[in-house]
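Next come two complexes built around subunit A: one with subunit B, the other with subunit C.
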Partner chain A sequence: MDITRFISTHRKLLLVGFLVLILIFITTLPLYARASDVRVLTTILIYVVLAVSWALFSGTTGYMSLAPAAFFGLGIYTMALLQKELPFFLIIPIGGLVSFAFAVLIGLVTLRLRGIYFAIFTFGLVVFMTEIIQFLETRLWHKHGQAIIPIDNETLLYTMLVLVVVTVLATYFIRRSRYGLALLSIGGNEEAAEHMGINTTRTKVLIFAISSMFMGAAGVIAAPSLLYVNATIAFSVFYSFMPIFMAIFGGMGQVYGPVIGAVIFGYLEKTLRAQLYSYFMLGFGIIMVVVILFLPNGIVGLVPMLQSKLGGLMARLRKGEQGEQHANT
Partner chain B sequence: MRILEGQGVTKYFGGLAAVSNVDFHVDQGEIMGMIGPNGAGKTTLFNLISAALPLSSGEIRFKGQKLNGLKPHQICKKGVSRTFQETKVFANMPVLQNVSVGAFFGTPTRISTADAVREVTQALEFVGLSAMSATPVKDLTLVDQKRVEVARALATKPEVLLLDELMAGLNPAEVSEAMELVTRIRDKGITIFMVEHVMKAIMGICERIMMLHHGEKIAEGTPQEIAANKTVIEIYLGEETHAGS
Partner chain C sequence: MVERIPALIIVGIFQGSVYGLLAMGLSLQYGVCRVLNITHGEFVMLGAVLTFALSLSGINPLLAPVIIGPLLFGLGFLLQATLFRAIKARAPSPPAFEGNALLAAFGVMYIIEYIARITWSGRLMPSYYLVDIVSFLGMKFVKNQIVTFAIALALGVAVYLFLSRSRMGRAIRATAEDASTAGLMGVNTNMILAFSFGLGALLAGIGGTLISMKIAVSTTIGFSNTVIALIVVVLGGLGSIPGSFVAGILIGIVSMLVAGFLEPVLTVPIYYAMLMVLLLVRPTGILGKK
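Right after this comes the complex of A and B.
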């Protein structure tokens, strides 16, 4: 009883304390962990950025974008092409802006498509990007793929951490703002949203572009640890589907849903995939089915569900106690 | 003063004229009714006014300004709001949030959060939904969902409100309540243009009525004039009265 009261009254304080602990854990990890662990953590952070920014647009509006890989890959290639011309920290915002601009263009053309058509188009976009880069490389640049100069693990971890913080904060504030309300109402009923004074086209394109910007920036930071990329590696559809699975698995009602989904899935993927690849994919499929069938609000939705169940149980127990007391007196 | 008027309003779907060369006007402060059999083009005319559909030809003016070429969100900001025949609510959002959308985005100038909250509270109170502000709209009955739509439209601070079959599917007691609600909205100074099939309602509260048939306007006048009009009786009222309403 006292513990639950303590938690509810000091909720904000506890949350901040918890986040600080996580930040301390991540920043100090390179001091005592193996290099491979640092790389695993960096990969997980990449997934966090992709899942959170995907859910910002698709989770709220219901427009199922399968394009994360296109913008992520664009970031990777921005890094590959500019690495010798510009410093790393300058390429990150450039990668973001390239993806932003490309997303505005794509958004203006395609966001009038709804439902399955939009999903198919964005999927096609990933394939198209692969083809166009392959064409450029074989016909114009006369080389296959690009070598990328490695950057040390710590730098990559810390820059990715900064990007995670920026992405999560931006998403949090967008969702809390009027834009958040506009996005939800577009997801609820786009025609009604438009008739209630929301410039739906502008809202959709802008948020789609912002979410793509984070994916592009993530691509830039992810590139150095790949050492070598070609079109099929950079624009792998894997990067489109993983964030979606993670966001659905975690739950899209809150900002932290996709974060939790990405952390759990990213960790399992990185640690189990190497040894038990086929089992991993099998387990992955089963978990997805179970989550979609029984947890419509994702793994995050488990907490309120358990809370209400436990609360009911507690109330019944307490009633039972009182009943006994009455019986005794 | 004519607050809303249309001249030669025409809409083709392929070769079919859904609305054909219709002239109409709505005076400031009145309740204007529109009747007509199913498929007469009533909702299409509303869709043309609210810019859900582009005009094929003709012109619609609001307070003397042309509305042609504007987007629905711009029409709403100008002061023409609407409800839908088949309710288009944000089903998963609570009542309060539904109405907030209208308050935050529907007004011509950017509104502060405090003002929006006040606007929403007033609108909810006005339609009698204050007690349900936290309920998800999908859990409401049809009549309450329609109230949400009205509150949402009112929160945009409209000068003209288009009501598309507000009373369809309501029982007689609910119809009386809705009639009272519409009158109260008019008394606030909001001009009303309503499509309705429920004759008792439209005859009871409208100052003027127009009738569409096959996309053309075939009659216009006071409720008495409409009730006495031979063509109207032939096409429409005859069946309705026999149907027992």
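Right after this comes the complex of A and C.
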């Protein structure tokens, strides 16, 4: 039985089976793993949402958003402020909507314009949010930070898993839809896209807001495990940069690229960061530069690259084999 | 309250001239090389931290730029000549190059910041210089504010004259306008690009030296300086060198007035409010061309 042929004919089936296996693994993990492992997995899932939703907008259009943390933090603060008034499951969509609205506002100011304004504007957005919240807390609410009531690990894991599934599916279908094609054509040549009849501003703002919505919802679910937040914790620049690193490392051509990047780096971050923080971040910088230079499609792009290199070798070998068979018959 | 306004404005101008200097460097790098260099603040940090390190070995902060300037110029020159040039060669289109260069600069930012943190840790480095107070027109100023203003202004004017009058400056402006045509006219564009990038890094480094005279610096100041420089550059008009300097002074005045009358923590939000209004009304910036 030729295994490569089996894989290529039953590709869809295998993929679905593989995804089901992963889902089973994640859902049953709390039964036998330690609580700390469950938390690590939840964190990885948070990064998956952030990286996938970042790549949804920035990966396709080329407009670099440097502020995932602004929307993520907005979700965290929505949770912190509403936790006593509303049930947890209601706050998740509200956090998403708050981020959505904020993203529409920013998009309308900066995405009307072509070029680099959007990247510049979002770069300092996290500082802006931190300082506004700090001002509100110290001057108006007379508080320093907010305590958050913890929620058990399993609930957080499962809600996060649902959000991951929703985000990945939404991204997958958006990419296949008219909007996805519009995004790609904006990334390819915006002027041409406009002449084709695409309302570029509306498309950009809408997709940017949708991607921010997922980040906000992720923030709500991430909040309870922090126990206490203040402006600097919630709007940490770290949450802005990690998803970008992950998406680029994984590769933004496919939906699963950022997922792979997030899983690898989320795991490394959780296991290494505490001991070797500075070296860890230094390594990030180096990897980022190397990936941009040599792997424009991320590690996902490495597969076809190797395939084309190895493919030639394999074909030559197979030809030799067939030649032998002919000789025998 | 009201009698404080003139003093705040003058201190704001002093402060803003340094912002203007940083922004000029960034504007030059974006205007000529099309690299939005978000590593800029890390060069400022390097300038400031190196000034402190040199002052420990007895070198006067006013002389430190003689060493730091060429060092950072070389670093910037090399970055453009190797990394960004390679990215440009591989990019399919100019917008794709801008995106990739931005992300690579992002990586470089981490590399510089964390090498600095590993070397010097995150501690505060007080290297105040010229802290005695002088009276001027009935107002009291710290001497280093006046000295930094004078240096920043002189450098700003020098760079402006260099770009507008000298042969090399003309080559830089020609490359910024249309690199391929400039190349056909006999300009060594790769050299010009690397030179401009290095000049931007040099301005950032000297800006860092000036900052280190006034406040206790550390290896973590890079990010906030990048944010300020970016805001100033957009306010002044992307790629406009005099615009950057003017906008820097404007931002300096605003920051002092906000800190004096409202709340220091609100300075960045106010910058953002200005930025929003500007982008809605006049996206090309204060002195930017259409």
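Basically, the second predicted complex is superposed on the first by the 312 of 329 C-alpha atoms of A that agree within 3 Å, B and C clash if a C-alpha of one lies under 4 Å from a C-alpha of the other, contacts with A are read in each partner's own complex, and residues count from 1 in each chain.
The definition used in the following text is that a residue touches a chain if its C-beta (ideal position, glycine included) is under 8 Å from a C-beta of that chain, and two chains touch if they have at least 3 such contacts.
Here the structure is a predicted model, which is why all the values come from computation and not from measurement.
In the superposed model, A:L19 makes contact with neither subunit B nor subunit C.
Once chain A of one complex is fitted onto chain A of the other, the partner contacts of A:I149 are absent, as it touches neither subunit B nor subunit C. More residues of subunit A lie in contact with C than with the other chain of the pair subunit B and subunit C.
Applying the stated contact rule after C-alpha superposition, one finds that A:G124 touches subunit C and leaves subunit B untouched.
After overlaying the two complexes on the shared chain, residue contacts for A:I286 are found with subunit C alone; subunit B is out of touch.
Once chain A of one complex is fitted onto chain A of the other, the partner contacts of A:M314 are absent, as it touches neither subunit B nor subunit C. When the two complexes are overlaid on their common chain A, residue A:A182 makes contact with subunit B while staying clear of subunit C.
Contact with neither subunit B nor subunit C is seen for A:A35 once the two complexes are overlaid on the shared chain. With the contact threshold set out at the top, residues 189 of subunit A are in contact with subunit B in one structure and with subunit C in the other. Of all residues in subunit C, those touching subunit A in their complex are 30, 36, 38, 83, 86-87, 90, 93, 95-96, 98-100, 102-104, 106-115, 117-118, 223-224, 226-227, 230-231, 233-234, 238, 263, 265-269, 271-272, 275-276, 279-280, 283.
Residue ranges on subunit A touching subunit C, taken from their complex, read 62, 64, 66, 109-110, 113, 115-117, 119-121, 123-125, 127-128, 131-132, 134-135, 138-139, 189-190, 237, 241, 244, 248, 278-279, 281-282, 284-289, 292-293, 296. Per the touch definition, subunit A reaches subunit B in the complex via residues 178, 181-182, 184-185, 188-189, 191-200.
Residues 50, 52, 71-73, 75-77, 81-82, 84, 88-93, 97, 100-102, 104-107, 152-153, 156 of subunit B touch subunit A in their complex.
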